[in-house]
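Across the two complexes that follow, chain A remains constant while its partner is chain B and subsequently chain C.
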Partner chain A sequence: MSLIVQTLSDGLVLGGIYALSAVGFSLIFGVLHVINLSHGILVLVGAYLALIVSTALGVDPMLTIPVVMAVLFAFGYVYQRFLIQRAVDRSPLGSMLLTFGVALMLQNVMIWVFSPDMKSITPSYAFASFHLGLVTFDAVRVSALAASLVLLTLLAVLLKYSALGRVIRATAQQTLAAQLCGVNVRHVYALTFGVSAAFAGAAGIVIGIILPFSPNDEALWTMNAFVVVVLGGVGSPAGALLGGLLLGVVNTLTAQYIGPSFPNVTMFLLLVLLLLVRPNGLLGNAFSASR
Partner chain B sequence: MRRRDVLLTAGLGAAALAAPALRPARAQATKTLVIGGSVPLTGAAAETGLNVNNGYITAATYLNDVLGGVEIAGEKYKIELKLFDDASDPARATTLIQRQIDAGTDFFLGSFGSNIVLPTAAITERAKKVMVQTGGGSDAIFTRGFKYSFGMFPRATRQFAAASALFKTLKPTPATYSVIYNNDAFSKTAGEGVKLSCDAAGFKRLDQYELPGKVTDVSSVLASIRANTPDLLVCVVHDQDSLLIARQMVATGTNVKLLFQGLGPQLASYREALGKYSEAVLCSTYWDDSVPYKDPFFGSAKKFHDYYKTKFTRPIAYHVSGAAACIETYVIAMQNAKSLNPEAVREALVAADFDTQYAHIKFTPEGDGEPLSLGGMIGQVQKGKLETVFPEKAKSAEAVYPAPAWDKKA
Partner chain C sequence: MSRRDSRALMIMIACAIVLAFGPAVLPPFYVRVGQLMLYSAGLGVAWAILGGFAGYASFGHAAFIGVGAFTAGIVESQLSLVVPMPYLLPAGLAAGALCCALLSAVIAYPILRLRGTFFAIAMLGVSHVCAEVTNNVDFFQGSMGLNFPPIAPPSVDPANFFYEVYLAGALLVLLVAWQIRRSRFGAGLLSIREDEDTARMLGVPTERYKRQAFVISAVLTGMMGVIYAHSLGYITTDSVYRDDTNLSLIVYSLLGGMGTLFGPVIGAALLVFITQVILARLLDFHLFATGLLLVLLVLLAPGGVSSLLKRRRPT
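The block that comes next holds the complex of A and B.
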C-alpha cells in the first residue's frame, strides 16, 4: 500500500514540474498557433541564467526567478516580433522551421559558451527530505512543485483578470474582432511570446534544481511540453496542469509496475489514444469557444 | 640593362642557386601522415567527445611541434588530423567517414559512443582501412569478425571484471547486488557485463533496473531498492543519470553499503554537485597521471598531463589520455611495421605489446583491449578526490567499505 502511495505522490510531484515546463508552449500554441520548437532551449536558457545569477550573487536559485523571467520576457518579445512574426507572415510552416533552426543555433551557442558538460544547481536544501506517514518526499522536488503551482496560478490569474490577459484572450478567440477594436495584434503576439518565454525560463530554474542539465537536453523539454499540451489541452494553465500531472503519474506508475524503461512507451501510447478519441486534449482548446 | 632588370636577374639567379638546397628540406617538411575520423563536438556525446578530440590534438601537436614529427621507415612525417564534427549522429558520422575513404585516407581514429563507432567501423572494415578508437566498448564492435578495428578498452561485458574482483576483497564480503542501466547499446551491454562478472563471483542478484535513454526521475526505482536493499548498487548509466540517481538517493535516504557508478564520479562537476555526499562512491577509471607506464614520446603520464595543461584549460579525463594513446599506438605500429601500408600497420597492431602513457597496449584477436592490460582501475571518492583503490599495484588508498550512510557523511 505504501509503495503505491509513494509512487502516486512521486508522480504528482513530477507532474507539477512537467506542467510548468509546458505552459509556455501551450500558450504560444493556443494564441499564436505556432509550434515553438525552440521551447526546450528557452527552458535551458532559464536554467543556465539561474545558475549564473545564483552563483554570482550567492542567493537561493528560486530567488532568481524574477530576474530570469524578466530577461526571458524581453528575449521572447524581440524573438517573436522580429523573427517569428516575419516567418509567420510568409508561410504557416515557416515558424516551425525557424524555431527549429533557432533551437539548433542556440544549442550550439550554449555548447560554445557553457561547454557540453553537465551542470547542476545545488540549493542548500538539495539533499533534504521529509516524511508524511510512510511516504518520503524529496524536499527539492516538493519546493519545485510548490514553485510550479504558484507560477501556474499567477499565470491563470494574469490571463483571467488582468488587462493584458483579457487582450491576449480576445486576440486568441477573435483576432479580427480584436483588431477592429483597436488591439495591436502583433504587439499582443509578442507580449504573449514574452510571457511564455518567461514561464519557460522559470521552468528551467525549477528543472535545474532537480536535474543535472546540459545543452543537448533541449529536445526532451520540447517533446515533454508537446505531450503535456496534447494530453491536457491547448492554451490554459489548467490544461497544462492536468496534462502534466497525468504525464507524471503515468510515468511513475509505469516505471514502478511495468518497468523503468517503459514510461516513454505508455506516454506515447496515451498520446496516440488521446489524439484518436479527443484530439483537442482533455480540457479542449481554451480559446476555441468563440472561433 | 636597366637597374630594375639587373636586380630581377640577380634575384632569380640567387633563387635558382638556392633551390637545390631548399628542395630536400621542403620535401622533408611536407611529408604528412593523414589520419581521419569524426568526433562528436555537439549533440548528446559532446561532453566526452570534446575530451577525445582534445586527446587527439594533444598527441598530434606534441609529436609535430615538440618532437618535430615522427620517423617512420627512415622518413620524417608530420601528422595531419582530418577530424570532423559528427554531431553525435551515427548517420552523419558514416557519411563523413565514407567521404574520407573516397578521398584516400587510410587510417582512422574513432568517434565517441558505441552507436557511432560500430557503423563507422563497419565502413572502414569494408574498405580495409584501419581504425583505432577509444570511444566504443560495446561487444557488438568486437564480435562481428572485424579485423581492422582496435579499441582501447576491453569489450563492455569484460569491463566489470576488475570491479567484481575488488568486491571479493572487501571485508565483510558483500553478498548481494542490484544493477541499474540505461536502455542503450553500451549501457545494456555493460549491465550484462556486471551481471556476468558478479554472478560468476558468487554475488546474489536482487534486482535489475533498465532506465530509458533520457531519465527525469528515479524515485520508483529507489522505492524498490529501499524495499529490497542490496549490499552493492551498481549503476552503469550516463554521467547525468549517475548524478540524478545519487542526488535522489541522498534526498530519499536510500542507503546501500556501496554505490558503484561507472560514469560520473570521475568528473569534477559530479563531485562538486554532490559535495560531501560523493564520498566513498566507486567508479571505473582507466587512467590518472600516476599510472606507472613509460611512454616513448611523452616519457610518462605525468609529463603527458603537464603538456596537456599547456594546451587546454579543460580538466583532463581518461578519455583524453586514451585518445592520445590511439595516435601513439598508430605511430609505434607504423614504426614497427616500417611502412604506411594499411595491411602492414594492421598486422603491427595485432602484435602490439608496448607501453604508452595511457596503459600497456595489447589487443585481443577480436581487436578490443586485452582485459588485464587495458582493463582499467577502480577509483573511489575519498576526501573529495578520486583515489585508485584497485588493482593492488596501482592503488593510492584502501577502499572504504561499508560506505557511511548519507546522513553520516561528514
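The block that comes next holds the complex of A and C.
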C-alpha cells in the first residue's frame, strides 16, 4: 500500500516538472503553430547556465532562475525574430526542420563547450528528506515541484490578466483578426518565443537539480514536451499541467511495476489509446492545429 | 503510357545499366560511397511514396529498417542450416517485408488519423518504441547483436556484390514509385497532399489510399533494411534504428524536391557526397555541419535544389 502511494507521489512530483518543461513548447505551438524541436536544447541551456552561475557566485541554484530566464528570454526573442520568422508562415515541415537544424548545431556546440559527460547541479540540501505518514519526500524534489507550480501559476496569471497575455491569446485565436486590431504580430511571435524559452530555461534548472543531464538529453525533453502537449492540450498552462502530471504518474508506475527499460512503450501506448478513444485530446483541442 | 512516363522509365533503366558497371571502374572507397548512395536513394524514394506523394512526412521510418533487418536476421539464423546460401537473402527479404507489412497495416489505423507534424512526431515515437522493444526483449537480441550469414558468392568481392544488390533494390523501389506516380492511385495520393478534405469530398477513398501508401512505403523501406543488415554482417539496435536516418529521409526529399520521382535520388546522392566525401575528415564538426546545412536549406531553398534550378531558367 505504501509502495503505491510513494510511487504515485513520486509521479506527481515528476509530472510537475514535466509540465513546466512542456509549457513553453505548448505556448509556441498554440500561438505560432511551430513544432519547436530545439525546445529540449533550450531546457539544457537553462540547466548549464544555472550550473555556471550558481558555482561562480556560490548561490543556491533556485536563485539563478531570474537571471537564466532573462538571458533565455533575450535569446528566444532574437532567435525567433531573425531565424524562425522566416519559416513561420510556410510549410510546417520547414519550421520543424529549421528548429531541428538549430538543435543539432547547439548540441554540437554544447559538446565542445561542456563535454559530453553527465553533469548535475547539487544544492546544499541535496540529501535532506522528510516523512509525511508513510511517504518519504526528498527536499530537492519538493522544492522542484514547488518552483514548477509557482512558475506555472505565474505564466497562467500573465496570460490571463496582463496586456501582453491578452495580445498573445488574441494572436493564438485569430492571427489575422489580431493583426487587423493593430497587434504587431511579428513582435508578439517573438515575445511568445522569448517567454517560452525563458520557461524552458527555468525548467532546465529544476531538472538539473533532481536529475543528471548531458547534451545528448535534448531529444528526450523535446519528446516529453510533445507527449505532454498531445495528452493535455495545446497552448494553456492548465493543459500542460494535466498532461505533465499524467505522464509523470504513468512513467513512475511503469518503472515501478513493469520495468525501468520501457518508458517509451507505455507512453506511446497511452498516446495511441488516447487517439483511438479521444482523437481530440483530453481537453478537446489537442489536434485543432493539425487539421 | 505517356511520353513523359516512358522517358522517366528509360532514364531509370539507362542509369541502372551505367551504374551496374560502377564496381568495375571505381576505386574501393567510392564503391562504398556508391553503396551508401544507392541505399539512401532507395530509402528516400520509399519514404517519398508516403511523404512526398501523399504529404505525410514520417519522422520514424527507421522503425521499418529495424523491423525488417531483425526479422530477416532471426528467420535466417533459423534457416541457415536447412536452406542453401543463395536462397537466404530472398527468404530474409520476404520475412522482413511481411513483418513490416503487418506492423504498418496495424499502426496505420491510429497513426494516420494524425496529420502534419503530429504524424511526423508520432512516427518518431513508433521508431523509438520498436527500438526499445528490440533492445529489451531477449528474443530479438537487440542489445547483444545479431549475425548475418555471409551471402556473397566466394568468387565475388562482397563490397562489389552488395553494390549490385543495393542497385537492384533501389531500382525496384524506383519502379514501384514510378508505377504509383502514373496510376490513378498516385493521382489520389497527390490529391491528398494538396487538400485531403476536398479530395475526400470529391470521392477519393483517402483513408484506403493513405493506408496502402503507408504499407507499400513500409515494405520497401524494410526490404532496403534487410539488404543493409546483410551488408553490415552484424547489427545491434543502435545500428539500424538510427535517428539520423529518420532525419535524413526527410532531408533527401527536401534537398532534391518534395513530391517528385527523382528528387529523393538527387537529394540522397548529394547529401551522401557532402557528408561522406567532403566532410569525411571533420567528425567533430559533423552534427554542426548537418544542422547548418538544414538551416540553410530551409531558409534558402525550401522547394529543393531542383526548384533553384527552375527559378534560374528564364521562362
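Observations on the structure shown:
Going forward, the second predicted complex is superposed on the first by the 277 of 291 C-alpha atoms of A that agree within 3 Å, B and C clash if a C-alpha of one lies under 4 Å from a C-alpha of the other, contacts with A are read in each partner's own complex, and residues count from 1 in each chain.
Assume a contact is a pair of C-beta atoms (placed from the backbone, for glycine too) under 8 Å apart; a residue touches a chain by one contact, two chains touch by 3 or more.
Everything numeric in this text was worked out from a predicted model, so none of it was measured.
Of the two partner chains placed around the shared chain by superposition, chain B is the only one that A:Val140 touches, whereas chain C remains out of contact.
In the superposed pair of complexes, A:Ala177 makes contact with neither chain B nor chain C.
Contacts of A:Val157 after superposition on the shared chain: neither chain B nor chain C is touched. In the superposition on chain A, contact of A:Val59 is made with neither chain B nor chain C.
In the superposed model, A:Ser261 makes contact with both chain B and chain C.
By the touch criterion stated above, A:Asn108 is placed in contact with chain B and with chain C alike. In the superposed model, A:Ala74 lies in contact with neither chain B nor chain C. Of the two partner chains, neither chain B nor chain C is touched by A:Val5. Chain A residues 107-108, 111, 259, 261-264 lie at the interface with chain B in one structure and with chain C in the other. Chain A contributes residues 3, 6-7, 10, 14, 107-108, 111, 115-120, 122, 126-129, 136, 138-141, 211-217, 220, 251-252, 255-256, 259-264 to its touches with chain B in the complex. The residues of chain C lying in touch with chain A in their complex are 57, 107, 109-111, 113-122, 124-126, 128-129, 132-133, 135-136, 243, 247, 250-251, 254, 284-288, 290-295, 297-299, 302. Here chain B touches chain A in the complex through residues 41-44, 46-47, 49-50, 88, 183, 209-212, 214, 216-221, 223-224, 227, 239-240, 243-244, 247-248, 250-253, 267, 269-270, 273, 275, 277, 314, 406, going by the rule given at the top.
Those residues of chain A that touch chain C in the complex are listed here as 35, 83, 86-87, 90-98, 100-109, 111-112, 219, 223, 226-227, 230, 259, 261-265, 267-268, 271-272, 275-276, 279, 287, 290-291.
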